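Next come two complexes built around chain A: one with chain B, the other with chain C.
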Partner chain A sequence: MDIQFKEVGYAYQGFKKQYHALKNINLEIEKEGEFIAIVGQTGSGKSTLVQHLNALMKPTSGTINILGTVLPSKKKIKVNHLRQKVGLVFQFPEYQLFEENILKDVEFGPSNFKETKDHKTEYAKKSLKLVGIDESLYEESPFRISGGQMRRVAIAGILAMNPNILVLDEPTRGLDPQGKDDIMDLFNEIHVQEHKTIIMITHDMDIVAKYAKRVVVLNQGEIVFDGKKDDLFQHEDFHTFHLDYPTHMRMMNHLHETLGIKKKFVKNQDELLSYLKEVFK
Partner chain B sequence: MNIKIGQYIQGDSFLHKLDPRIKLVSMILFIVSIFLVPITLDTYNIVAMITLFIISILLVFLSGIPLGKVLQGLKAIVFLMTFTFIIQLFSIQPLGENPLLDLPMNLGLISIPLLILLLVLYFFVKKRIKFKTTWFFIFVVGIFYIQYAVTLIPMNLDGFNYQFLVYPSGLLRAGFIFLRIIAVMVVASLLTFTTSTIELNDGLESLMKPLRYIKVPTYMFSMMISLTLRSIPTLLNETDKIMKAQTSRGADFNESSIGQKIGQIIALLIPVFVISFDRAEDLSNAMEARGYIIGEERTKLDVYKIGFKDYLALFVTSAILITLVVMGIAL
Partner chain C sequence: MIKVRNLNFMYEETKEVIKDLSFDIKKGAWVSILGHNGSGKSTLAKVLVGLLKAQSGQIFIDDIELTENTVHEVRKKVGIVFQNPDNQFVGVTVRHDIAFGLENMKIPQEEIVKRVDLYARLVGMEDYLKKEPQQLSGGQKQRVAIAGALAMHKDIIIFDEATSMLDPEGVFEVTNLIRKLNKEQGQTIITITHDLEFALKSDYALILSEGVLIKEGKPSEVFLEEDLLRQSKLTVPPGLKLYLDVKNDPKLKEQSELVDALWTFNLKK
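Let's turn to the complex of A and B:
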């Protein structure tokens, strides 16, 4: 196991009492080949959980093993190198841009680690190409490009660190439908071509249905479901997770209620379409 | 990151419920009274000072704020207080009075290295212990003890020899000033403990109202204060986010050298700068969309009414002040 959570808990210290953001989390994540969606209501501890993945936060109880580094440790140890291996893209990453030109900004990440320092320009250009930023923009100020482009540049800034595991906190938030598809296709491509593990927080169940392989559902700081997405959507306690069904399943349910079509589990819109064709033949 | 802005603690005590304007005025009256007590060693002045001190401690109990919390706020001035105390002890050397304590002291070849050693030890231990204030007092006592202890060595000491004389009046005077500083600090911190920033702002605005007649734009000041206060938590929040985002890009503020830190500060400041401009523009648009015009007369959501308890507070503090003034003139 490359990342392992053992009975992890995280508590915020309030004025009088503690607030438990995470309780008793047990989770195992492989370095390669996983595409995990973390879903749950607002305030269910998703962001807190992903910030543990690259040692931004340290558990107040239990232990995490991140690629061989066990946290929290009694001795003072350096954790910065973990951030090169587990790349974390925050919500609205465009706010983290600061350099005078795009290329320099993307180089900032790799220049901070000795593993990537010598290849920073190479990695930066590679990841900018990957996110679809044209070479003519490299010398442009990151504040003079459109919002969608800014987000791409910011994501390239993480990709340029060449992480083994990519963690994304709502990467599609605030994007238009086309932008959403583009960016999700980009992550999927990275996942398929380089077998990198991708962990993403999302509220969009269509994205979960389309891209994720494994889903972790959080509710009030606890993992209530961890498994394949098909099992999730067919789970009998699905309504207790406070989640929505993806569009094609909502259509199915609607047709079931209005036209009385017999319910069948469909994985995507194509399956729904072929099932409907079958029914109405 | 855990920065607390303001130290308001919610409650429903007498002090919490007081009208902020009255609270401000009463506090000023009370602090003026504390400073009006002359530092002389007549019995009635000592009694007056102790009474005022006891009143301020009673106010703490009245407010329902834990005494420990208030005293914690005093930690910041421990150094200042100790310093004044010692200066008082040294400078008050009245003639014709028998000293309480008369110790020979030496500052020379042996004691100076020892003092430096003590200083190093102080800073070394300070980082590793919790009871820092107590440790500070031990340190201060240590300074004088070393200077005294070297005179016990039966040999001729070079350097600066002097007598450490503590006179009763010096001790009293030092204690007097000590009480005064604590009382003022306690009262001032009680104001911030029991008044929310909004109330404080409202109170200040309405106290500044007369300034409008001489064309001072008080409404602008109060709007500026409230907007500043309002945006501090937002900005801290954003700073925290950016810091985490840049840390994720390898700019760890805890693990880097000074040289790296400079570059990392820029990585933090520029985004925060950009965000604050964005937020400011959004906020001003939102305010104008809701009809805000600078300088226009505005109504208030909270209208403060001066009630019985407010008159009482005002009466008591003015009574204290007047009594002290009369006492000062009469005696």
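Let's turn to the complex of A and C:
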């Protein structure tokens, strides 16, 4: 197992009491082939959890093994290399662009790690190509391109570090619908072609239904579900997870309530349409 | 009432952002201005409140023509909430930020306190009044910006993608709040968005593509033209997509109950 959480808790001291952001988290993740959505209400611990994946935060109880490095450690150990192996893309990553031109900005990430610094230009160009930023823009300021392009450049900055695992905190937030599809198709392509594990926080159940293979549901700092997405959406306790159903399932429910159409589990919009064709034959 | 006539705007000499735009917005209406990224919709918002000056054309707000001389008078009538809350948070705390506009309007202190409390509650930020901006999430800052704009009781409020950082529940709450204020207080609301689902709830839609008004009308009618939506690079949301698929299916479209049920699904969300 490449990443393993054992009874991990994260607590912090508030003004008068202690808050438990994560409680008794047990989680195993492979570095190849997984596409995991982490979902849950605002404040359920999603962002705290993913920041443990590359040692930006360390557990206050329990242990995490990240690609062989065990945290917390009694000895002082270097964790910097984990930030290269587990690439974390924050919310609104375009706010972190800073260099004078796009190529330099993307080179910044790989220039920080011995594994990648000798190849920074090569990796930067490869990543920019992957996210669809044209060579003619390399010398442009990252602040003179559109918001959607800025986000792509910021993502290229993480990809250029050549991480094994890609962690994304709400990658589609604030994008227009076309931008959402484009960005998700990009991650899906990376996942399919390079078998990289993708771990993604999202509120958008349509994205979960379309792209994720496995879903981890957090509620008040605890994992309340970890399994296949189809099992999640058919789970009898689904209502206790404080989540929405994907649109096609909400439509099915609506048609059941208004027209009395018999409910059936459908995986996507196309299945719903064929089901309706069958019902109204 | 807003009247726009033959409006043209360009940032640089060669790049036209708004091209010969004319439209009317009725008093008390909730109108959505839709378009893809770069279609000129945010620019239009800034031109409407006089933050950017159009090269040609006219804008009338309640029969006052927007000019350098009238811009202050016009801004008393029109409020705007921008896309990025970080660029508009001016107060040291949430309370100060919501009060900022009211203080500039020289509203009595007592009334300011009342309005701050009321609008903070309406946007669900009443427990955060003492917080500083860096303690808030993007979505919370957007709620504060919305409260600040609503508290000023302007006749017209423009929301420029003002819910982009909220989670789905937050968007739902803010949408209901906008609708309530529009219905109860009769404010004219202009929402600038690329979200067709959100725009479905408004009374009227203007669709921009490359700075040109390509269609206007009731959302329920305008959005039926799938080709037009595609042409304007707007993505059809799943709920609307199924409705259109059913309407285009020779057999299913005969099922009027089904067609109606799918339509109401789109409206209720």
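As a working rule, the second predicted complex is superposed on the first by the 281 of 281 C-alpha atoms of A that agree within 3 Å, B and C clash if a C-alpha of one lies under 4 Å from a C-alpha of the other, contacts with A are read in each partner's own complex, and residues count from 1 in each chain.
Just so we're on the same page, contacts are C-beta pairs under 8 Å (C-beta built on N, C-alpha and C of every residue); 3 or more make two chains touch, one makes a residue touch a chain.
All values derive from a computational prediction rather than experimental measurement.
Asker: Sharing chain A, do chain B and chain C clash or fit in the superposition?
Answerer: They clash: once the shared chain is superposed, the two partners overlap in space.
Asker: Figure out whether A:G109 sits in contact with chain B (first) or chain C (second), or with both, or with neither.
Answerer: Only chain B is touched by A:G109; chain C is not.
Asker: Using the superposition on chain A described above, determine whether A:Q193 touches chain B (first), chain C (second), both, or neither.
Answerer: A:Q193 contacts neither chain B nor chain C.
Asker: With both complexes superposed on chain A, which partner does A:S136 reach: first (chain B), second (chain C), both or neither?
Answerer: After superposing on A, A:S136 lies clear of both chain B and chain C.
Asker: Is A:R83 touching the first partner chain B, the second partner chain C, both, or neither of them?
Answerer: After superposing on A, A:R83 lies in contact with chain B but is clear of chain C.
Asker: Between chain B (first) and chain C (second), which, if any, makes contact with A:T42: first, second, both or neither?
Answerer: After superposition on chain A, A:T42 lies in contact with chain C alone.
Asker: State whether A:Q51 touches chain B only (first), chain C only (second), both chains, or neither.
Answerer: The answer is first: A:Q51 touches chain B but not chain C.
Asker: Looking at chain B, which part out of 59-67, 239-247, 293-301 or 311-319 clashes with chain C after superposition?
Answerer: 293-301
Asker: With the touch criterion stated at the top, can you tell me which chain A residues are shared between the chain B interface and the chain C interface?
Answerer: none
Asker: Of all residues in chain A, which touch chain B in the complex?
Answerer: On the chain A side, the touching residues are 51, 54, 56, 78-80, 83-84, 87-90, 93, 95-98, 108-113, 143, 157-158, 161.
Asker: Can you list the residues on chain C that touch chain A in the complex?
Answerer: The contact residues of chain C facing chain A are 36-38, 137-139, 164-165, 167-169, 194-196, 233-235, 237-239, 241-242, 245-246, 249, 251-252, 255, 257-258, 261-262, 264-265, 268-269.
Asker: Which residues of chain A touch chain C once you look at their complex with the stated criterion?
Answerer: Answer in residue numbers: 42, 91-92, 146-148, 173-174, 176-179, 181, 203-204, 206, 244, 246-248, 250-251, 254-255, 258-259, 269, 272-273, 276-277, 280-281.
Asker: How about chain B: which of its residues touch chain A in the complex?
Answerer: These residues of chain B touch chain A: 238, 241-242, 244-252, 255-256, 260, 266-267, 270-271, 274-275.
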